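I am attaching a structure below and will ask some questions about it afterwards.
A, B, C and D are the chain letters, set down in written order, and residue numbers restart from 1 in every chain.
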Amino acid sequence: MSHFTHINVQTQDFDFAHEYQKLRNSSNSDGALVTFVGLVRDLNLQQSVSGLFLEHYPAMTNKVLTQIVEQARSKWQLGSVSVIHRVGQLNVSDQIVFVGVTSQHRQSAYHANEFIMDFLKTQAPFWKKETTEQGDKWIEAKSSDTKKTEDWS
Amino acid sequence: MSHFTHINVQTQDFDFAHEYQKLRNSSNSDGALVTFVGLVRDLNLQQSVSGLFLEHYPAMTNKVLTQIVEQARSKWQLGSVSVIHRVGQLNVSDQIVFVGVTSQHRQSAYHANEFIMDFLKTQAPFWKKETTEQGDKWIEAKSSDTKKTEDWS
Amino acid sequence: MLKVLFFGQLKEIIKTDCLEVELVQGDKQLNTVAMLRKVLQEKGELWNEYLAFGKALVAVNQEMSSDDTALKDADEIAFFPPVTGG
Amino acid sequence: MLKVLFFGQLKEIIKTDCLEVELVQGDKQLNTVAMLRKVLQEKGELWNEYLAFGKALVAVNQEMSSDDTALKDADEIAFFPPVTGG
């Protein structure tokens, strides 16, 4: 039983319950466990989405995710951290991303989890293409996401 | 498949994976799902904790939790919300509380989840007694928790 | 008649979890939480100390209330220490 | 030799995912990202438009970089649109 950082980019689905148990079992001193899961939504900008294709820059992705988790660990006292991101073809309601954080205090767990997602959204080299009834469409980055990372500094 | 509010106070353990799936299956339009779990820690104020006894005020608890979720729904656009709180005798590493929130946007899901926990901590009629090697001890409320609820207004 | 409940450490200290209190006490009526609190505090030293304003919270009919909350017959009033769930 | 990679929509628009660029081009050397960017932009109209500063982000050896980042032989440079994961 000891704290860990687990980062993975994978095509296959992840088992949410299994990831939760690993985090929960990693310590008896962490009273707070916060998870985030991002799911493929069926609507985006009024067009009906049937699926997503996720591309990434393999040599860089793990490096960036590791740095983001290190930054979070330097801001808050955390126990274990898991980040899993899927790539390849996904369908509506599929799980895209998992972030799990344990901490002795709930505020640290909430804030570190949100921080990791905010930076993942703007720094990690993933690109989403939507499959819609009107054909494929690369998703545009949102300026509101850039704004969120600025709010942390 | 439709949004729900689920609130329960129970002595038995809850199945985290089952609660997650219910939230996930409640909508195809919510891209964000945030969960919080509170666990019994083995340390509190340097005394070794072997367990917790949780007492509550049954007639009031559900009422207060329902009001807190309604407040959260009035502040953020949320999909489904689950709040489960256990009472009775708990052991180290047991699950105490589950809060799960879905939303179209991750910031709403994070903030609503934290809001619900902050108000649960200061408004919901639960009281914890720790079982330690030095005997039983009622836990004192923390002023930092009261401060957190004030920060939301 | 008022139904009065006690929870948490308070319940253990005053060794009481529930009691009934007449709404009309002699020539006066317990119109507010403050008046009920005063009557209860007179029941002993520990009652006086642990039911003090600021030490014990109060709910009337399962709603968080304050000293000036009005009381009427058949109300359920609960006194308890600051809550510590979650 | 520099290894240059392209990702996302940019890769599709310029129909190129990878190419090699000589560090020394005639009488000049590509000392910075800005100089490499300029050489690449000259490869065509779409290259000019979509590799423009502010439109394409750049990473040097898998680290987010900027126009004044220095380049040396065997570096891996990647250009891509703003990221959209999560």
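Structural remarks
What we mean here is this: contacts are C-beta pairs under 8 Å (C-beta built on N, C-alpha and C of every residue); 3 or more make two chains touch, one makes a residue touch a chain.
Here the structure is a predicted model, which means the values were calculated and not measured.
Between chain B and chain C, the least number of touching-chain steps is 1.
Compared with chain A, the chain whose C-alpha mean position is the greatest distance off is C. Chain geometry summary: the mean Cα position of chain B and that of chain D are 49 Å apart. If you average the Cα atoms of chain C and of chain D, the two centres end up 73 Å apart.
Computed centre separation for the pair chain A/chain D is 27 angstrom, with centres defined by C-alpha atoms. Among the residues of chain C, those in touch with two or more other chains are 86.
The set of chain A residues touching two or more other chains comprises 38, 106, 117. A complete list of chain pairs in contact reads A-B, A-D, B-C.
For chain A in complex with chain B, the residues that touch the partner chain are 16-17, 20, 24, 28-43, 92-93, 104, 106-107, 109-110, 113-114, 117, 148. For chain A in complex with chain D, the residues that touch the partner chain are 38, 54-57, 59-60, 63-64, 85, 96-97, 117, 120-129, 138-141. Within the complex formed with chain A, the residues of chain D that make contact are 5, 7-9, 12, 59, 62-64, 76, 78, 80-86.
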